[in-house]
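These notes open a run of structures that come right after.
What follows is a pair of complexes built around chain A, which joins chain B in one and chain C in the other.
Moving on, here comes the complex of A and B:
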């Protein structure tokens, strides 16, 4: 119980710092997710009908996820220096696979009869894509976005190791000062607020997904 | 009991079963000129040099065994499949090279699996082509409601529903409404009623024929079911492999005179029976039949029966409607008055019924013959099996003569051509 009391005490005494770190964390995640979503959805659309390109891009995106995060973050320092930048690039690469895979899967799952009807009524490729195929694949795509967001929110804690900001700094400070007052509380604070942030983002995305999905396919 | 209930009277079949007009009298709407589709160069074409005219306002059915290329042929018309060679002329305009999407917006397209957009409401689905054509919202909405009405779906109830809330039959009606939305002159239908149960299919077919009588579109209709072809088609093209036309004619003529063994096999047994759908009772030359009235005396009845070649007398009631069949045993039976003996006449057909209906009535009748009545139920005549045999023979002879004349013409043309080039 002492632990909980001292944790509450720590959080209570550092609200402004926590808000700042959480905002930093959120900004990193949102920026990465926006870029990764646009990139992955377009890539998914582009490769869906091309078996070789599809396998290649899914395979590559899969390999990204197997690279240890610590290493992947560091790899980009020589290229873009320290700070948020190398972290964002690494997170972007992690975020691709779930969105890409779900985009391809969602588009694959669209009933060919529906596409044939669209084509037969005189919709061009672009109209078919935006009026029919993407709206129908959307629930699956947004599920991919949600998975990526969860993943990125957690992994973004490492950004601090390459000079970036975010809630990871509480964890890092806590770990480097183990044995000192409030060291464990710092670790817990970072962890808890990352989890809370991830949950909040998931709820928001869930709501957005529901609002942007037609009642006809819910 | 002797009152014929209206339920016993066979109504004429659905509109379209008997057509007197010749569909080829109308101007040509779609002209396929040597259209060919080759998927693998060097291999056999999927569709081989097909030349075909579809006339304005007709339903032309393409029918043939699976894999004969009938669907491919249909999809060549709206260029869902691009022809390898040949020309497609649409209402006098060569559309072989115009923008395919623009062409498709002028052609209604209905497929077996319908392909309604599940994420759009029924109204949005129906309004697809109008929106592509840039109609304003109020015009699109008005048209959508009009079409839902036309296919028998109350707009107030169905407009804002989603496809998942519809039954198969309703979905197919929406599919038809969607194809008709921008009032295209031509509709292409690829086994449109193939995925629904037989009862619903029959209803949809009848509804569609009624609808077509109203909208008068030029329709190319693909099916593998010869019965559907016979029912829906003003003309039928029976296709063999590579979409080669084996026979192209009205259903009645194809049924009475299959040109070769392939067509004969394809239309199968019972083609003569099916052919009876195309002749109406009113077209028959009905011989006199002995009838008596309620006030006719027994002696008189006996005399009439003995003096005729028939085994049965028909007794009419006081309002001139067929009441009972009487044979000599009934007439001789003095225990009851004449109008209480003999089997009650049940199987009656109206004058505008088809011979198929008449045959059905004949089979169910205790006297083995069908009684023809006027609309008001009064007696008009009696049809016997011999008369049908005669009609069948006549239909065959006429069809054969038609083909002989056709061949003679072709031969004459060929001779003229030969003389011309010489």
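Moving on, here comes the complex of A and C:
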């Protein structure tokens, strides 16, 4: 219980630093997720009816997820230098697959009869897409966004290893000062706040997903 | 940590694919297994040739000796192999136990815990394992862990393997359970009706039918492990992460790039190997 008490003490004494690091972490995650969502949803729409392009893009996105995070971060360092940038690019590449795959499966699952009905009502391609197909696929797309967000929030912890910021800083500081007072507390702080951030983002996205889902299919 | 959720989305969101796409996917899978090693080998040769043509600084040359790179690759492979075997030994029996009538009431909580564990950042888990287990290693003067395993593999490596096992249990456990649960109840009934015992039903009906899903989990675990092994350097476990770190510390981009490219090629080769195993072990007729 001593451990818990000193952890609480450490967190209590470092609230401003923790808020700052959490904000850094959140900014990395939100920026990456926004870019990855826009990119993957558009890509998903573009390749849905092209089997070859679909397999190619899903395959490539899968390869990205196979490459170890630190290696992918490292590959971008010669191009963009150290800092948050290489981490953001790598995280962006990681975030694509779950969203892309769910966009494609979500759109595939839309009943062709409904699309035909929309066409019969005089909707053009664009209207069909934005008023019928995407709204129907939206719950599945949101599920993909949630998976990606969880993944990115955790992996962003190692941005600090390539000179970036975020909550990983606490883990790193703890590691380099192991054996000194408050070293373990730093590691726990970084780890716990990353988990909390991931869970909070998941709950928020779940809520947003519910609110933005068309009432007819909720 | 690289791909904890590779298979997470498919299970609940997969929709029916058209026959044409399905055939393409199969074709891609078969072709991929043949083409991948060729592409990876060519990529390796191309990078190695390019690297040889570069004018390397003293620092880069001393970091990139063949000895270093081979040793780190071997360390990374050892970590990956040991932790994957560890995961299989723990997760598959556990998964079977949790789907038996007596274990079923623990299935929900076990999956919930395993799912929550997924949100734990790999970096944090490694350092916490070092802090906790490092203490155990330090206190024990004459135990098996320190003297036998520790000397043979190095304490950093043992700690790395333990935390990797913790981290990669989830996909194998979940896929074992899902694989067993999705077996048609009627087929099990038929087996029992033919006079098979529960044990025979498990080994001759349920397991073979669950193998494809279980193997997918094993492949995911392999990918997670090879990715996590890149972070082993943080706690003294070695691996190719060492080259990446020294490159960053020395501001030698070419060293960073070499570490990154070699790690990526290694991970892709391991994933390919997992794909081959998946294909070979999959029972005929499913």
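By definition in this document, the second predicted complex is superposed on the first by the 218 of 218 C-alpha atoms of A that agree within 3 Å, B and C clash if a C-alpha of one lies under 4 Å from a C-alpha of the other, contacts with A are read in each partner's own complex, and residues count from 1 in each chain.
Everything below uses one rule, namely that contacts are C-beta pairs under 8 Å (C-beta built on N, C-alpha and C of every residue); 3 or more make two chains touch, one makes a residue touch a chain.
Here the structure is a predicted model, which means the values were calculated and not measured.
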When both partners are placed on the shared chain, which of chain B and chain C touches more of chain A: C
Touched partner set for A:74, first chain B, second chain C, both or neither: second
Contacts of A:135 with chain B and chain C, given as first, second, both or neither: first
Touching partner for A:123 - first (chain B), second (chain C), both, neither: first
Partner chain in contact with A:55 - chain B first, chain C second, else both or neither: second
Partner chain(s) touched by A:143 [first = chain B, second = chain C, both, neither]: second
Chain B versus chain C as contact partner of A:190, first or second or both or neither: second
Shared contact residues on chain A - chain B and chain C: none
Of all residues in chain A, those that touch chain B in their complex: 111, 113-124, 127, 131-132, 135-136, 213-217
Sites on chain A touched by chain C in the complex: 51-52, 54-55, 59, 62-63, 65-75, 77-78, 82, 94, 97-98, 101-102, 105-106, 108-109, 140, 143-144, 147, 150-151, 153-155, 157-158, 161-163, 168, 171-172, 174-175, 178, 183-184, 187-188, 190-191, 194-195, 198-199
Residue numbers on chain B that touch chain A, as the complex places them: 78, 80, 101-105, 109, 111, 113-121, 128-129, 132, 162-164, 175, 178-179, 188
Parts of chain C lying in touch with chain A, wherever the complex brings them together: 1-6, 8-10, 12-18, 20-21, 24-25, 28, 32, 118-125, 127-128, 130-131, 134, 223, 226-231, 234-235, 240-241, 244-245, 247-248, 253-254, 256-257, 259-261, 263-264, 267-268, 271
